[in-house]
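Shared chain: subunit A. Partners: subunit B in the first complex, subunit C in the second.
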Partner chain A sequence: MRETKFWILHMAAGLVILALLGTHMAIMHLGELLRLVGVGPGSPIEFANVAARGRLPIFMVTYIVLLAAALFHGLFGLRTILLELTLSPRAERAVTVTCWGVGVVLFLVGAWAAVAAAFLLPGGAS
Partner chain B sequence: MHAEVTERGKTMENRLGIWGWLGGGRYGPERYAYALHRVAGMALLLYLLMHIVVTSARVFGEATWRVTMAAVAHPVFRVGEYLVFAAFAYHALNGVRLILVELGIGLGRPAVPIYPYVSSVRRQRPLLIACMVLAALLLLLGGLDLFLPTR
Partner chain C sequence: MGDRESGAAVTTVIFRVQRYAPEDGAGSRVVEYRVPVADGMTVLDGLIHVKERLDGSLSWRASCRMGICGSCGMWINGRPRLACQTQVAELGTGVVQVRPLPNFPVIRDLVPDLGSMIEKHRGIRPYLLRRDLDELERPTAEYTQTPADMERYVQFAYCIKCGCCMGACPTLATDVRYLGPQPLSQAHRYNADTRDDGFEERREVVSASAGVWRCHFAGECSEVCPKGVDPALAIQRVKRELVFHVLRLRRRPTPAPLAPPAAGLERRPGIPEPPPPTAGTL
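Up next, the complex of A and B:
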């Protein structure tokens, strides 16, 4: 039952990623085409733009939601692939614990960056 | 592929190994699309793990950000980023297909099989074709964008 819930969460996270990462990918990889038709923003990796986005609360929240969804979706997907090898219960446990460990550590790093970027950059909210 | 539980409750050995992951057998192109979905997914996961660390450099200010971006500005990285975009486009559209199939959306109502039978796998074929055409279109647009001058 718990696996079923995680699987449904995996699909739901996929839909969240589709919307948020779809927007991110369109801006990053179709930016020049979008600018040709007059709807593209300025250079997304210019520091002034990175800093300005990071200070907006909506971006901070969106980054953290995308981070959580992407890490869960990716690591649960990897775990599913590895568990298909018919591992011993002990090895399955090790895979699960490792995925959780990597996920939590990287979530903390990414969430810290999102929060710090909103409050610590010059002209930040603090 | 999947572990099969015997009467004693023990799992059987996975005799298929890597082929169990990648082989489609008689399931047709949908199964191979699924295998490629997983390969693309693992590549995206690897990139995500690095991307989280690299983009966190913004917290340390403009100088650190510029140094970090300069380190990944080589054309090799640009091509690599296009491959990431390609993996995303494929994984996203094939993922939409997988969710629709999982939920039984767009496959029609179950019916009594009257000759000539229509395989449920064949009912999925238009969905596969539509998703792959859209993915190919995104790959073309992304490739075109790569060659446009950066403004």
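Up next, the complex of A and C:
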């Protein structure tokens, strides 16, 4: 049943990405649209605004969730492609372990960046 | 042949047939035959003409000539079809290209080795699985099933194991370990049968690395199936059942009970008693 669980997580991660990328798009572009009618805040891609958002715990959590979802979705898709090369069972296990390893390392690095931005940089939540 | 004898129009069609003889060691080659074709002639009729009149060494597999046995599946003008159900006229061309079914090893000429499909089919345990083993071994009555229950699976029971779906599957073309549409559709055929209680036994096979999750839903299996089985639909339903099982949303149905003995019926005069059972009497 492992493959079924992986597939369900793959779909769930896709939905999470869809929702969070929608949020990202709204943040990136809604300000521009609002500014057209004279009520918009500053540019969302200015460093000060990016840093300010990064200090908010809600954004930190969002970044970490999006990172986890994107890594799982992408690496599971990559694993699926590789397994279709008719690998031996041993090679299949190696691909699975490698994908998990790469995913965990990248997640830890990315999550650390989000946590550091929120709590450790000057002006952070702490 | 009768049409030609009765004076129906006859045209000459070129059959380009892929030939292969393992003892030659020369690989496959394409040989052309000029075949007189009348209205209503099938590709199988054309191949029979070649074998009887032009080249007796041509090999293929066929039996019933009426789309029942599933023996004559082959690649005809770009897609897997049953040679006995494909009329030359419906192809709409003067050239008929015939090759063995893809995704299978070739034994000789147009004869594929379907052994891998049969093994995979056997692996999903394509028969009723129940806990009342004594009743299965020594049946005393029929299991009840309503027409509505039967409708849930009967479409998938039309499979004749011709291998056309396997030959059309793009996933199987690159991954020989993928179970493929024929075994997976038959897993659903039995899972959907109210008399069956074997979902748990088949679950590990169909959800394994080479199981349903390799399906890309290209749908070619359903396009080419000569019996309208729709294996792609069956595979999607297997996926749904597996997901519902993991999410604990799948209700485990109670397998159909035995039908009560018929009451008030008498054997008609002259109808003999059935012979004693032969199974399980040793």
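Everything below uses one rule, namely that the second predicted complex is superposed on the first by the 108 of 126 C-alpha atoms of A that agree within 3 Å, B and C clash if a C-alpha of one lies under 4 Å from a C-alpha of the other, contacts with A are read in each partner's own complex, and residues count from 1 in each chain.
Heads up, the rule we're going with is that contacts are C-beta pairs under 8 Å (C-beta built on N, C-alpha and C of every residue); 3 or more make two chains touch, one makes a residue touch a chain.
Computed from a predicted structure; not experimentally measured.
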Looking at the overlay, what does A:A52 touch: subunit B (first), subunit C (second), both, or neither?
neither
Have a look at where A:T86 lands relative to subunit B and subunit C in the superposition and call it first, second, both or neither.
both
Which partner chains sit in contact with A:L9 here, subunit B, subunit C, both or neither? Use first/second/both/neither.
neither
Name the contact category of A:L20: first (subunit B only), second (subunit C only), both, or neither.
neither
Contact breadth on subunit A, by residue count: subunit C or subunit B
B
Under the stated touch criterion, which partner chain does A:L106 make contact with: subunit B (first), subunit C (second), both, or neither?
first
Let me test your reading of the model: by the given contact rule, A:I64 touches which partner, first (subunit B), second (subunit C), both or neither?
neither
Have a look at where A:G77 lands relative to subunit B and subunit C in the superposition and call it first, second, both or neither.
first
Report, in rising order, the residues of subunit A that make contact with subunit B in one complex and with subunit C in the other.
84-86
In the complex with subunit B, residue positions of subunit A that touch it:
11, 14-15, 17-18, 21-22, 25, 28-33, 35-36, 43, 45, 47, 50-51, 54, 67, 70-71, 74-75, 77-78, 81, 84-86, 102, 106, 109-110, 112-113, 116-117, 120-122
If we count contacts the way the header does, which residues on subunit B are in touch with subunit A in the complex?
1-3, 11-14, 17, 20-21, 38, 41-42, 44-45, 48-49, 52-53, 55-56, 58-59, 61-62, 65-66, 69, 81-82, 85, 88-89, 92, 95-96, 99, 102, 141-142, 144-146, 148-151
What does subunit C use to touch subunit A in their complex?
171, 174-177, 203-204, 207-209, 211, 213-214, 239, 242-243, 245-247
Subunit A - residues contacting subunit C, complex:
1, 3-8, 80, 83-86, 92
